[in-house]
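Common to both upcoming complexes is chain A, partnered first by chain B, then by chain C.
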Partner chain A sequence: MRLLTHNMLSSNMKGVSNGFPLRIEVEKVVEKQVDFNPDFLKNMFSKVHWKALADASRIMGYAELPEEADRSMLDSDDFLRKFHHALLELHLEEGALVCPETGRRFPVNKGIPNMLLHEDEV
Partner chain B sequence: MSSRPEHAAPPEVFYDDTEARKYTSSSRIIEIQGKLTKRALELLALPDDGIPKLLLDIGCGSGLSGEKLSKKGHQWIGLDISQSMLNVALEREVEGDLLLGDMGQGLGLRDGVIDGAISISAVQWLCNADKSSHDPRLRLKAFFGSLYRSLSRGARAVFQVYPENVDQRVLILNYAMRAGFSGGVVVDFPHSSKRRKEYLVLTCGPPSVNTSIPKGKSEEDGESCSDEESSGDEENQTVCVSDRHRPRKKQKTMRGKGREWVLKKKEQLRRKGNVVPPDTKYTARKRKARF
Partner chain C sequence: MPFRIAQIRLVSSHPEVYEPCDDSFALVDALLADRINLVKHQPALCMEVGCGSGYVITSLALILESGSVGAQYLATDINPHAVRVTQETLEAHGVHAELISTNIASGLEQRLTGMIDVMVVNPPYVPTPEDEVGCEGIVSAWAGGENGRSVIDKILPIADNLLSEKGWLYMVTLAANSPLQICLKMREKGYASRIVLQRSTEEESLHIIKFWRDADI
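Then we have the complex of A and B:
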């Protein structure tokens, strides 16, 4: 799972009012190269929750993203490359996602988060 | 009896390791799923601006549908309930991110972030109750409600489905409309039992010029095969489906004093120093009649 997906995911357990962002527990991170596409990044910028991305990438061992970002930075190639790397090339391979409200752990195995809820959590 | 997989077992049981492998190594299935996905993408009518989009593939399975999205340069997130199918997707090194999840439990996604969704040969599974706790209606409601919220305004969702009968088609469509989608059904090759394929084409938000339902494909030229909800005018009717339910609900809540009034009263009491329960989304909601 890449941070692109982490940035969109939210815990939807019964009774949880703000399930975003899911806390990341890291056991293993892998990096996979992805073609650089500035257009996609510009499309995504308005949708990405920046702080969640910056925090998540730091937890994954990448500390290059600024704490805050605004549209004007999209003109910088250096910024776009870092944004690209954090969003699309870092994979949480093993670990867990944790609901910020309930502490419920969603395990991540072979890069796949198990988001299945128990019956009493639906 | 029937040969429908939906009748054989729950999806996570039916698509076990053996079935997942069999499914994904059949060149016939690969070809069919590829074609269905291409058609779904066509119906998704994404803006032709060359900008890659963030898409969902619901019931993504082993990635036969998602691969077509990657081919067009899009990024995607795939959801499936079968670990075995997802394992095959990993082996095939699909480019999308995979989630193990049950669409009937609702999608846990932030609001308005997804550019479009497809689902190929999967949503009819929701019409079955596989556990005693399953109510297909509640599951359809959770699914469509959460999907609607996750899509950006004006985005589309296209589902190729195999409903078992008219009732299932109506059921699925009804719940989509209730969630706020407008749209309808497109039928390709309606007169051929083998080639006949159905697509639910849904748009997030009220009908507009962009939401009119495209025509289905047919063998004979010039023949329109779209379903009832095809032209602009009738489209408004599909929205009425959702509206029909709304006034009734409204009337019920209006009989009380309303949420605004309750919130104000609670605030007044709080200022007086009374202990008042916190305001939540449940505040002033009508309770169910049963107990």
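Then we have the complex of A and C:
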């Protein structure tokens, strides 16, 4: 699971009012190289929750993203490369996503998060 | 660059996962028929709901990559075996999609609103007793409840929420699902539609419908 996906996932548990961002429990992180595509990053920038991405990447062992970011930074190649790495190249291979309100754990195995709920959680 | 689609011999399988069938082939053929438009569309995020073996999302990624479209892909399935099989199929073809085991797009609906430029769905569309819908394993691959519409009718409003302003939805339907009525329903939400491909097999009459937002509706 890439951090782009983490940035788009919220807890879907019944009764949760703010299920975003999910806390990450790391067991194993892998890095996979992805083609650098500045247009995609510029397009995504406004849709990504920056703080959630910066925090998540730090938990995954990558501390290069600034705490805050604004559009003007998109002119910097250095910034775009770091954004690219955090958003697309860091994968949570094993671990869990944890609902910030209820503590419900959504396991991530072989890079795939399982968001399926039990009947009494829907 | 010549374009490719997923190769059957590289598609992974599992006893409880839907194998590529006439409906899967029809959907990919519809995407191929619309290939030039898809490349021009320059989607950033593409998504499949109910990815099964991964045949469709892999083909979509290959079609767009051969048009040099640098998109990202996301696929969900309610059957955890299916997302794992999809991952193997993607890897065998050297493409990537983010996979999530979930019911339609549960967990994504809040943050992914208005972000999907292309969505593809081959839903469980076979008319069955209602209690077969969403069963464990392979039955949920086809069981569509009354008129085969139970899951389709849940997917449509979610697709409407996730599709971007320029978003397109390609969906497989069966004559028994009343495709025209589905189009009218989507029209009320502001979507135009077109049947991209119609195919009758021995068992079923398939329609692949494309939906897009149209300001004039």
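Convention: the second predicted complex is superposed on the first by the 122 of 122 C-alpha atoms of A that agree within 3 Å, B and C clash if a C-alpha of one lies under 4 Å from a C-alpha of the other, contacts with A are read in each partner's own complex, and residues count from 1 in each chain.
In the analysis below, contacts are C-beta pairs under 8 Å (C-beta built on N, C-alpha and C of every residue); 3 or more make two chains touch, one makes a residue touch a chain.
If you're wondering where the values come from, they're calculated on a predicted model, not measured in any experiment.
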Contacts of A:S17 with chain B and chain C, given as first, second, both or neither: first
First, second, both or neither for A:S76, with chain B first and chain C second: neither
Which superposed partner A:I112 touches (first chain B, second chain C, both, neither): both
Touched partner set for A:D39, first chain B, second chain C, both or neither: both
Doubly contacted residues of chain A, that is, touched by chain B and again by chain C: 1-2, 4-5, 7-12, 19-20, 37, 39-40, 43-44, 47, 49, 88, 110-117
Of chain B, residues touching chain A in the complex: 50-54, 73, 75, 77, 81, 86-87, 90, 97-102, 105-110, 112-115, 131, 133, 142, 146, 150, 152, 280-281
Complex contacts: residues of chain C adjacent to chain A: 44, 70-72, 74, 78, 80, 83-84, 87, 96, 98-103, 106-112, 115
Chain A to chain B touching residues, read off their complex: 1-2, 4-5, 7-12, 17, 19-20, 37, 39-40, 42-44, 47, 49, 88, 110-117, 119, 122
Chain A to chain C touching residues, read off their complex: 1-2, 4-5, 7-12, 19-20, 32, 34-35, 37, 39-40, 43-44, 47, 49, 88, 106, 110-117
